[in-house]
Amino acid sequence: MNGENFCLSEKIVSSSYVRQGSQARRGHEQLIRVLLEQGKCPEEGWSEATIELFLNELAVMDSNNFLGNCGVGEREGRVASSLVAKRHYRLIHGIGRSGDIAAIQPKAAGSSLLNKLTNSVVLDILKLAGVRSAASCFVVPMATGMSLTLCFLTLRHRRPGARYIIWPRIDQKSCFKSMVTAGFEPVVIENVLEGDELRTNLEAVQRKIDELGAENILCLHSTTSCFAPRIPDRLEELAVICAKHNIPHVVNNAYGIQSSKCMHLIQQGARVGRIDAFVQSLDKNFMVPVGGAIIAGFDEDFVEEISKMYPGRASASPSLDVLITLLTLGASGYRKLLSERKELFCHLSQELSALAQQYGERLLHTPHNPISLAMSLSSLQTHGGAITQLGSMLFTRQVSGARVVQMGVEQTISGHTFRGFMSHSESYPYPYLNAASAIGITCDDVALCIKRLDKCLKSLRRETGDSEHVTDPAPLTEVRAKRNLNGLGYLMELRIVFFCS
Amino acid sequence: MNGENFCLSEKIVSSSYVRQGSQARRGHEQLIRVLLEQGKCPEEGWSEATIELFLNELAVMDSNNFLGNCGVGEREGRVASSLVAKRHYRLIHGIGRSGDIAAIQPKAAGSSLLNKLTNSVVLDILKLAGVRSAASCFVVPMATGMSLTLCFLTLRHRRPGARYIIWPRIDQKSCFKSMVTAGFEPVVIENVLEGDELRTNLEAVQRKIDELGAENILCLHSTTSCFAPRIPDRLEELAVICAKHNIPHVVNNAYGIQSSKCMHLIQQGARVGRIDAFVQSLDKNFMVPVGGAIIAGFDEDFVEEISKMYPGRASASPSLDVLITLLTLGASGYRKLLSERKELFCHLSQELSALAQQYGERLLHTPHNPISLAMSLSSLQTHGGAITQLGSMLFTRQVSGARVVQMGVEQTISGHTFRGFMSHSESYPYPYLNAASAIGITCDDVALCIKRLDKCLKSLRRETGDSEHVTDPAPLTEVRAKRNLNGLGYLMELRIVFFCS
Amino acid sequence: MNGENFCLSEKIVSSSYVRQGSQARRGHEQLIRVLLEQGKCPEEGWSEATIELFLNELAVMDSNNFLGNCGVGEREGRVASSLVAKRHYRLIHGIGRSGDIAAIQPKAAGSSLLNKLTNSVVLDILKLAGVRSAASCFVVPMATGMSLTLCFLTLRHRRPGARYIIWPRIDQKSCFKSMVTAGFEPVVIENVLEGDELRTNLEAVQRKIDELGAENILCLHSTTSCFAPRIPDRLEELAVICAKHNIPHVVNNAYGIQSSKCMHLIQQGARVGRIDAFVQSLDKNFMVPVGGAIIAGFDEDFVEEISKMYPGRASASPSLDVLITLLTLGASGYRKLLSERKELFCHLSQELSALAQQYGERLLHTPHNPISLAMSLSSLQTHGGAITQLGSMLFTRQVSGARVVQMGVEQTISGHTFRGFMSHSESYPYPYLNAASAIGITCDDVALCIKRLDKCLKSLRRETGDSEHVTDPAPLTEVRAKRNLNGLGYLMELRIVFFCS
Amino acid sequence: MNGENFCLSEKIVSSSYVRQGSQARRGHEQLIRVLLEQGKCPEEGWSEATIELFLNELAVMDSNNFLGNCGVGEREGRVASSLVAKRHYRLIHGIGRSGDIAAIQPKAAGSSLLNKLTNSVVLDILKLAGVRSAASCFVVPMATGMSLTLCFLTLRHRRPGARYIIWPRIDQKSCFKSMVTAGFEPVVIENVLEGDELRTNLEAVQRKIDELGAENILCLHSTTSCFAPRIPDRLEELAVICAKHNIPHVVNNAYGIQSSKCMHLIQQGARVGRIDAFVQSLDKNFMVPVGGAIIAGFDEDFVEEISKMYPGRASASPSLDVLITLLTLGASGYRKLLSERKELFCHLSQELSALAQQYGERLLHTPHNPISLAMSLSSLQTHGGAITQLGSMLFTRQVSGARVVQMGVEQTISGHTFRGFMSHSESYPYPYLNAASAIGITCDDVALCIKRLDKCLKSLRRETGDSEHVTDPAPLTEVRAKRNLNGLGYLMELRIVFFCS
């Protein structure tokens, strides 16, 4: 309510109460002011009340919500279903204009603000998460694969003669398809085995560049986050090679924001060499629904070039989701999620290692992979079908995300045949099982996964006599909160979680 | 509740009441059954209660909502904000898999059902709206422009050597950019002036094909829905040319579903010649938020090929919106919207024509354009800036969608210079103002638009003496409903709207 | 957003767009201003967006939503479940204070405003509906019966020696219990039969007063809305008697707001005689959930006395519901509902009459009852159980609200035995079936009811040969809207509904 | 979805995925089954998804949501506003029937189930909270005061000649008014001072009974939860007196469920003597909006008698709120809230004591009051107006619930004059300030309250030199969770909160 309405209210209820109410309103306005002024993720999360107030204010600024609007265009933001209108907070016009996904819409000042603020808040978080020198980014309502395609399509206009994309192998279909869809020929670089880890073959990369000619290469397409035993690419070295040969470098950082290691690799790569763009998923890093990605880079102009390559308007839904989420969490809440993930990664690693020992298997030694773990399944190898059976047993028992990788699978995608598919290598020496500690994982997830995996393995062995008990995991200690109580001092909150039988 | 729970309820409240409640539940189940069985848009719309019940049921089938699930993957459908979870009805996993946007997700049976059903219901509506022989379609969470890009990228794999896209000129940035982004060279075919209408230059198309060689042409890219005085392309003739030369044909049907004429053109084109795909916007045809499109075609395999070209998962949000909307409206509700739009098109046309006369202008004669109208602004031409001033006056008065088109504007987009930009012609003889009757338009929209336009024109003329009064529009008569009252006979509802002073 | 935040927004998106957005905001504020200023139901209904904006603004003013509040009281408006918080728009403090349900709460300026405005808007509607001289009213979160009890308890303090309440018989349990619960002895006045109608026995009332002594009578408790063949009490005459004897008069106007006749009776009664309070249900008159009532009167002091009699705070939920509903409908929307109800009453009456004829029955002639109808069931009388069977057949066929009334039922309530219970008379000559046309009824309701009733009667007769067809009802013509189009003239909308076979 | 629909779904998406989805559905059904079977608060809280699923299922059973219903009654559960429909989950029919608030409605099996289950779950919680032998209870949509009135009105029918209610003084208006409204004469028993505590004067009670005669006394009306320095009444002794004299005994347990001490008093009172009914607020004990209460007792028949005294239907809103809340929290969640409250009571007590010392005041010694604390304000006594000024300073600084009590205030309520009003005593020796630790209070509430109070006191003293620093509070240690991980062992979670500067 504006000043006039507060005055009128004072005639109805006591003016001192109304004045306090009006002051309270200013509290919310103040939070919004800081957001508009700084364009940063607030340190402390907002209440749902403030968030909804803010979104309603934005919606009021869009022409489809003008009380006196009359529309005679072909796109007026009308909504047939009130369920639909409400779930979008009546923000209907999407983001961008025909020329540019980052452009401002005359019909939709509120949606335009939403778009600009989201990109700004997300950039702030990318910096907080480790890529401190990121210059620009934008949220795009397409998943990582299609977003990579858009980057490649943009580069085509800079390097019209180029045909190839150099790509250290990672066995994930959409990465591969992102290049094929853009109309380029992926040049697959097999990884090298170092201990248990599969790692970028720098020499092979260099060799391929020499062989094909830098001018014929659209870009190098590297990967950070990946399933163990593959580990993040050697970004620093690759970035240096790219700089040397003047080859663009696009990084698939799909779920890497959640790992300080992945973010550090990108920051370092850009510092010592060349990285043109890095692309990450919204859902995998920010716990929002599938369907959005962030395209970021170190050169504002290039990022803008990509955003101008997207023809037409786009859905505001992923932007809305990530903005709501980040305002809810605040920077402190996001940092807390990151640190919890890290701790539970250690916990999962210990648990899995202990379980592996009991069954004569081992946790593969992949210290460079900060998110994904792999446990060998050598003993199941000899029994035909035991490995796939384990996979379907886990599925039935509602263990989701634990995937089994057999040896010797062959798969052809868009004309290219991958031997040893899913293992990132033509001949990885063991079959294995992957488990990951991704953002939002809980202690319960780990405990239930280990318990059910234990049961499945036991039942596969058909030996009940020798099964030892799971060893108790180490206690987790965590500083849950350190709140500055308005100068009163600090309120510390520790959380200690441990098992007892 | 299942049978067991209904039995238990009978111990708490009277069993005859519970039995009636359980029977009532079956009523909702029955509606869902028919949808699952037939995959068609229900004739009568569903209540919000049934829709929400159905969406909740779908959500329950997704692994992120399993009560006993434990997740150790990198993408588990976790949601940080409950505001976000709710606005998506807890359907978090999006649609598609890494290989194919139409594929089924093991983790998300509910979301997969949603995806399949939406595509099926939308196909039903495409048929109902006039393209009776459409074979297949899918909803894609990208706006029309990017969806066209995806079609072109798919065709590249079929025609690797082709560089050109033949494109009868339509002055809308994202159409043009959709080709440039895909990496092709648009070959612009200027329109011919027939009376007031701008129409496809068939000879020039034929000439260009001969000149460039059919094998070098990726496809012909034609347009149905467009701003007057341009009219829909001569789809039949173009389709015949494409068939003759074996050139693919992609139709931009952006907001054409709402017009039986546009749909008829596509149906006929496919019957007598060749149309490979036609692309339409979700928001412009179904009154949902911006950000989705439908890619449809007459050959199931080709449509599937396009859907497989999208690398990675995608947002389910546009699918959800359109499904909710169509279930709410029902086929009958959608048909009613279409017929209301048509009637108000006539009404707007009459009103605009009458107003034009008062100001010595005229409604351009564009009988082939079923959606958009144009009124000349010749008398403003002589006054420097009067035309743009009119545009901004209308904007300020909250008349949205009415755009003014000046003569002689030049604009360069991605290297191509368009003379007479916005008018679809290098030298259209008059400046003009566009107004459209798009789906969802109301009688009030028309009345307010005419009234405000009148005021603006009056104020621009600065002559108040000669302004005559707006003539009363003809009454609208409409059969609002003809309901078969369960065999009792028909209940007819007429609606008559007219002005009186 | 306040001015400062709009300014900041202009740095992010174009200032002309932001300015338009800020102007649009003022449009909503303006509606709120008028409400605060006048305290009346707006003529045109508000959009859901404006309503939610307004409720959010109110909520922000309550202390439980202050961002910096700290609470060390025993009632701080905390909410454990966010589902609960949201469904109440975070308005948690209820209405009133310990002393007075109409009092203002220091902790809750927003809830207090809500309470005051609701009472004011409801008073406006009572006047609009016909009781033009109503002086004051308040919404109370109790159903009609308990609200009547509260009135009687208040009167006790004015007439401490009184024991009796004079009550023209109406067979509805909660009316009777409202007196018993308050601790008084109801003196039942049997109705007289005039034609088919059961009407107030004025002489008997007068006789009882003389017999018991006016000073021993707490009040006269009369009824307007009731099931046919009983008709509204002769309020004018009763009011005159009350005035003469100085006896308070409380009117049970349960669902009478929807009928101009009932409201007129109250207005007239108060004009010519004495009415102290009239009580009406919220759900039955305003289509909101069960649980609220309006206590109204012609003397502000007496109404305030009642409101002060309610000990403690109370739920704001019914107030919130009725305010949302009236803001949504607007006065025009409510008037439209009233006129539709009236038309459908005629329609139902014709239909029922025609059906009755087919089965040798007749529609009882009860022209003074404006809401409820009765159709004789004499032919079923002879068959043991046929009447109750008809009742349960209708229940099973989902005809709700059609109740059958047998002859000779005896029931004892709180010690008083009613002969001929449910028929408002010790010996009404026929059994019958009631059907009512209440606010919100639709044409479909009538058609389906008649059709199913026909089937049930047919099946009860077990004679299929002689069933004639239902005659077509007369067409309904209605002026749906007469909108003043901002001076352009009037837009008339007629609606004509008729049957055809 | 039912079995048939799951089968149909298997034709659309893979049957193994659908089967897993259907199994997942059974998980939710299972939770509902246990609730229906046992009628108890589930140990672990339900997810919002399960709760909404359940409420939707209930709504589907009500006739207003039947797809084929036709309504010709005067109350059909129609809703004019969809905002209203949704916020009540489409449960519109309220609870109870005209005769009995606990009765089952034929039109509303779902609402009836809701009502029965809520009462059953709430009874379970009353037992869990300490009144193990409670026999029956029901939720009533009226606040505590009006609910007490209903109890007194019920007792009138048992004791028609009685006029008096014996009432140990507690200075809270609605308690007093509850008796006056019911038409009885409260007989105020002044408390005795024991140390700092104000306690029941048993002798005076006994004396009054002898004086008035037991048969003239409707009941004894005692209180548990109250502001310090008054403490809970001596319930055991009072109950014994009541039993001896055969006088009914009604306990006002307004916010006593949250305190095991208050609940223990009731349990003991009923064991050794007589307690007929005890009444408690919903909002103060369960963190739901204001407006509901629980009437409970040890004799099922008497509780039913009260429920039958409520004339007419009633709002289901408070029942819905408390059911949602208890299903969300689960018994474990509620227990946790109780233990947190207790801990923070100690914390608040220490803090307040330390602060008092600094200002030469003291925390009054009231060990029998488990919720409310009082700190003397003797030093402010001498300065005219300083005490009320402190009150308004705290209000302005958003410290809500901290009330100041002056000496010598006189107030007349319904004809009775209370000297020393608000202090529960005609002459309490000190002025003081109250603060309470009520359910839902947080560590932040305490810290902020102390900090702001400190500032206010400092500023009132106008002496800044001698203000010492707040001493750090003792750390809180708490077992947050002890979860049995499906037999794996226990997962313990400790939470330790402490201050550091």
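The chains carry the letters A, B, C and D, assigned in the order they are written, with residues numbered from 1 in each.
Rule of thumb we're sticking to: a residue touches a chain if its C-beta (ideal position, glycine included) is under 8 Å from a C-beta of that chain, and two chains touch if they have at least 3 such contacts.
Per UniProt, the chains are A, B, C, D = O-phosphoseryl-tRNA(Sec) selenium transferase.
Since we're looking at a predicted model, the values are computed, not measured.
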Query raised in the report: More C-beta contacts across B-C or across A-C?
Result: A-C
Query - Same vs different contact residues, chain A with chain B, by half of numbers used - result: same
Requested in this report: Just grab the chain with the largest centre-to-centre distance to chain B, centres being mean Cα coordinates.
Outcome: D
Report summary line: Here the gap between chain A and chain C, centre to centre from mean Cα coordinates and rounded to Å, is 55
Query raised in the report: Between chain A and chain B, what is the separation of their C-alpha centroids in Å?
Result: 32
Report task. Please report how many Å separate the Cα centroid of chain B from that of chain C, as a whole number. Result -> 45
Requested in this report: Please set out, as single numbers or ranges, the residues of chain A touching at least two other chains.
Outcome: 20, 48, 52, 63, 66, 68, 82, 106, 395, 398, 444, 447-448
Report task. Spell out the part of chain C that touches chain B in their complex, as residue ranges. Result -> 20, 82, 395-396, 398, 443-444, 447-448, 450-451, 470, 472, 480, 483, 485-486, 488-501
Query raised in the report: Residues of chain A touching chain C in their complex?
Result: 1-2, 4-5, 8-9, 12-14, 17-18, 20-22, 24-29, 31-33, 36-37, 39, 47-50, 52-53, 56-57, 59-63, 65-68, 82, 86, 90, 104-106, 108-110, 112-113, 116-117
Query raised in the report: For chain C, which residues are in contact with chain D within the complex?
Result: 48, 51-52, 63, 66, 68-84, 87-88, 91-95, 97-99, 106-107, 141-146, 148-150, 153, 156-157, 172-175, 177-178, 180-183, 225, 227, 254-255, 281, 283-284, 286-292, 309-318, 321, 324-325, 328-329, 337, 348, 371-372, 395, 398-403, 413, 435-441, 444-449, 452
